[in-house]
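Below are two complexes that have subunit A in common, paired first with subunit B and then with subunit C.
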Partner chain A sequence: MNPRASIWLKTVYARTWVRTKSIYGEPLWVAVNVGFPFFTSLALSLLYSSAGLKSGIGFAFLGGVMVSFWGNVLWSMASQFNWDKQQGLFELYITSPAPISAILIGMSLGGILGTAPSAITLAIVGWILFAPPANPLWPLVAVTFGLTLASLYAMGMALSSLYLVYGREADSVNEALHEPVSFLSGVYFPASLAFPAVLQAIALVIPLAVGMDALQRTLFSLNSTGVADLTLVYRDILLLAIMGITLLFAASKALKILEEKGRRAGTIAVRLR
Partner chain B sequence: MSFRDAKPTVEVEDLHREFKGKEGTVLALDGVDLKVREGEVFGVLGPNGAGKTTMIRILSTLLLPSSGSARVMGWDVAKRPEKVRPLISTASGAERAGYDYITARGNLWFFSQLYGLSSKLAHERINEFSEMLGLTDYLDRKFYTLSTGYRQRVTVVRAFINDPKVVFLDEPTIGLDVMTALKIREFLLKQAKESGRTILLATHNMAEVDAICNRVGIIDKGKILACDKRSLGAPALVMEMTPPPDSASLEPLSKVDGVKGFTSSIDEERGVGRVQVVVDSDESAQGAIDFARKSGMNLISNWRQQTTLEEVFVALVGRGFREREHESPS
Partner chain C sequence: MSYVRSLVASIRVGWSRDFGWTNPILGFSLKTIAPIASTMTALTILYIGFKNGASIASAQFPFLLGYIVIGATLYAHISAYSWVPTLAIAEGKWTFVFPQVYVHWGNSLRAHLRLLLGTNTSYSGGKMDICLSPSLRINKIVSAIPCW
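Coming up: the complex of A and B.
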């Protein structure tokens, strides 16, 4: 195998292993991963249930599942990357022949593997407790789900590149993005029904919003006839595919540009003493 | 051991690096020239803030120089970092380089993968180096449970796991107990001798330089002030005069040709002033004597001696390390 490809693959695998192992190394993190989205979903499901909006329950639990992954993008990638920088690990990545993109993809895969069990638990518990009315189109659900995760983690990679130049400022950007993105994406409710067209259009630049819209349509058949509006689902899938590719390309470019900028400004390494 | 015929692995020419901040521009490196050859352990000795870490960061491709050039194994570190990175490694005494919930072995395996090593080879090297550093019994412990000394041993193993041609070490034994520091120094020496690696060691520990370096460069305020064999081979001239001269009258001595620096002291009991001058030749020593006589100083005796590293440092930098370290904000 080409040595560069071999290093790339080995780095992805090793970073995935480290991330997964670290997540499961602390039981409290696992509990928090499952717990936080579960209680939010539970509260909203009870609210929807008491208001007689049975269809809302599905949104609440789907939102919980996706929020786990979205939180992971910010916490397990960008913030983890910042932690790596503060610990001096970042310097070791840069001075090794391993591409930073491989480190980030490994972190993404590790994050997905670390979050998946909590997301699956949440979905199963929600289904058992509330049995939300659903009409899933499984192949489309799988495609949409996969593309949404790919776009989200590509976005995470692009955000992470900011740490090559910035420190706390990038961390603050991450923090600031969390709630507005969750809100605009309509994670716990159907944004296509709740938001005016302008807000919906703005939300279309966020992969989570597009993914949520498509998942809600493919899982819960949003239109009035009880049949999924496949035209809109296909639009969302196309958008997600474009976003995924664009964000991956942007992340790869940003990593190169910001690494160069970091080397010039001296911001890659943190003085530890 | 002579390294004169060995090929240069690190070449630095007129290297400058500025840092621009809110409080103005700081010149961290001010025209550094350096050549280190294959198999050498080269010490870069200097007080905090002298520019040691900046130089290592440039050489290890973390930082770009403002001007000048630096090459490792013939590759320009600024223009071709991708060629330099597979050939080098770095380790710092301050780093925590490891994931807390992963074992020491797991951490080392992880870093080996960044260089594309096969798992079999990685584990062979982990076992071999850990044995040499007395780390074997701690390999399967989680990183956060290790003491500072054992973490540092992990860092040192990590720095050699990719079989680097050039290793940059920044204060690798800082804050360690004597035994751990000795173990690490033994390991470094063995690596340089048996594997022909070049080691560039930045430190302010003179004992470390004495113990393992073939050559040393003294750096201060971004300039290499002297660069030679371990003892710096610097001949010194000691002059005694009475009455002791004041510092203002001695000041022009530093301008005499071949005088690298000097220190002065007063023997109160004898009422004699003693000036130790670091010179580069016998002619320079004679020049210093002539200066003293022409300046009207009453020279009562003079003799030559070989300086210690510390004496050279004091003469060149102006103050001793302890004094410097004490003043340093960090």
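Coming up: the complex of A and C.
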């Protein structure tokens, strides 16, 4: 095998393994990863149920599943290089022959592997407790889900490059982004039922919003006839693919620029000033 | 008085950590936007349920709105605070804050007790940071260096 490809693959494997191990190595985090989305979904399901809208319960649990991944993207992808910088790990990354792109891909794969059990648990428990009505188009659900994760983690990679130049403010920006983006994306409810068209159009720049729209349509056939509007689903799939590729490219470019800038300005490592 | 001084110092450090990087208005705005969005999510679901469901009468809606505002706001705050102990332990270790705090041995009740009992403490062996959470043993090298 080509030595560069071999190093790339080994780095991906190593970073995936470390990320997965770190998630399962801390029982408290496993409990938190399952507990928070579960209780939020449960509360919102009861709200749907008490309002006499049983068909909405599926949205609450789908939202919980996707929020697990969104939280992982923000806290374990976007912030990671900033934390690595604080601990002195990032200097090791850039002085080693390990490609940064492979480290980012490894972090993403590890994050997905680490978050999947929480998401699956949530989906199963939601199904057992409430049996929400669904009319899934499985091949489209699989494509949409895969593309949503790809574009979300590509966004995480782009943000991780951006946060690299920041300090504590990265954490505060993350805290400020998490809930408002979930709300605007219509994570727990169909945005088409809640927001005016202008707001829905603005939200289409967020991968999570596009992914949620497509998943809600393919899983729950979002219209009065009970048949999914495939034109809108295909539009969402196309948008997700474009976003994923663009964000991946932007992440790679931004990382190179900021790494170079950091080397020149001396901000790539944390120093006492 | 030393407790008051420690408390004031902790508050100043906390303020600096959360707001020192920006001006207080932007800092407070960023801290406020998340609980508002969380509450808005619950309100939106109530509104969708009211418009499309069959169980909420028009006269009930304003009362339910009040309940949801209070409950969702409280939940948003509690869920935010529940991260604090985890973050405090994790950050205290990763950023080497705990060794600085514990270096003044008067801060550790455990150290007092063990010194009183005459046992060889992990504290005096310089291992106090890994004893706080065994599953997060990332500071072994630092821990291996005796404090004094």
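Brief remarks follow.
Here, the second predicted complex is superposed on the first by the 270 of 273 C-alpha atoms of A that agree within 3 Å, B and C clash if a C-alpha of one lies under 4 Å from a C-alpha of the other, contacts with A are read in each partner's own complex, and residues count from 1 in each chain.
Everything below uses one rule, namely that contacts are C-beta pairs under 8 Å (C-beta built on N, C-alpha and C of every residue); 3 or more make two chains touch, one makes a residue touch a chain.
Here the structure is a predicted model, which means the values were calculated and not measured.
Look at A:87: by the touch rule set out above, it reaches both subunit B and subunit C.
In the superposition on chain A, A:145 makes contact with neither subunit B nor subunit C. By the touch criterion defined above, A:182 lies against subunit C but remains apart from subunit B after alignment on the C-alpha atoms of chain A. In the overlay built on the shared chain, the residue A:38 is in contact with neither subunit B nor subunit C.
In the superposed model, A:169 lies in contact with subunit C only, and not with subunit B.
Of the two partner chains, subunit C is the only one that A:52 touches; subunit B does not reach it. When the two structures are aligned on the shared chain, A:26 is found in touch with subunit B and with subunit C. Contacts of A:220 after superposition on the shared chain: neither subunit B nor subunit C is touched. The interface of subunit A with subunit B overlaps its interface with subunit C at residues 25-26, 87. Across the interface of their complex, subunit A is touched by residues 19, 53, 57, 60-64, 82, 85-86, 88-90, 92, 94-102, 106, 109-111, 113-117, 142, 158, 162, 174, 330 of subunit B. Taken in their complex, subunit A has these residues touching subunit C: 25-29, 32, 36, 40, 43-44, 47-48, 50-53, 56, 60, 83, 86-87, 167-169, 172-173, 175-176, 178-180, 182-183, 187-190, 193-194. If you check the complex, the residues on subunit A that touch subunit B are 3, 6-7, 10-11, 13-15, 17-18, 21-22, 25-26, 87-89, 91-98, 263-264, 266, 268-269, 271-273. Interface residues of subunit C, counted against subunit A in their complex, comprise 17-18, 20-22, 27, 30-31, 33-35, 37-38, 40-42, 44-56, 68, 75-76, 79, 86, 94-95, 135-136.
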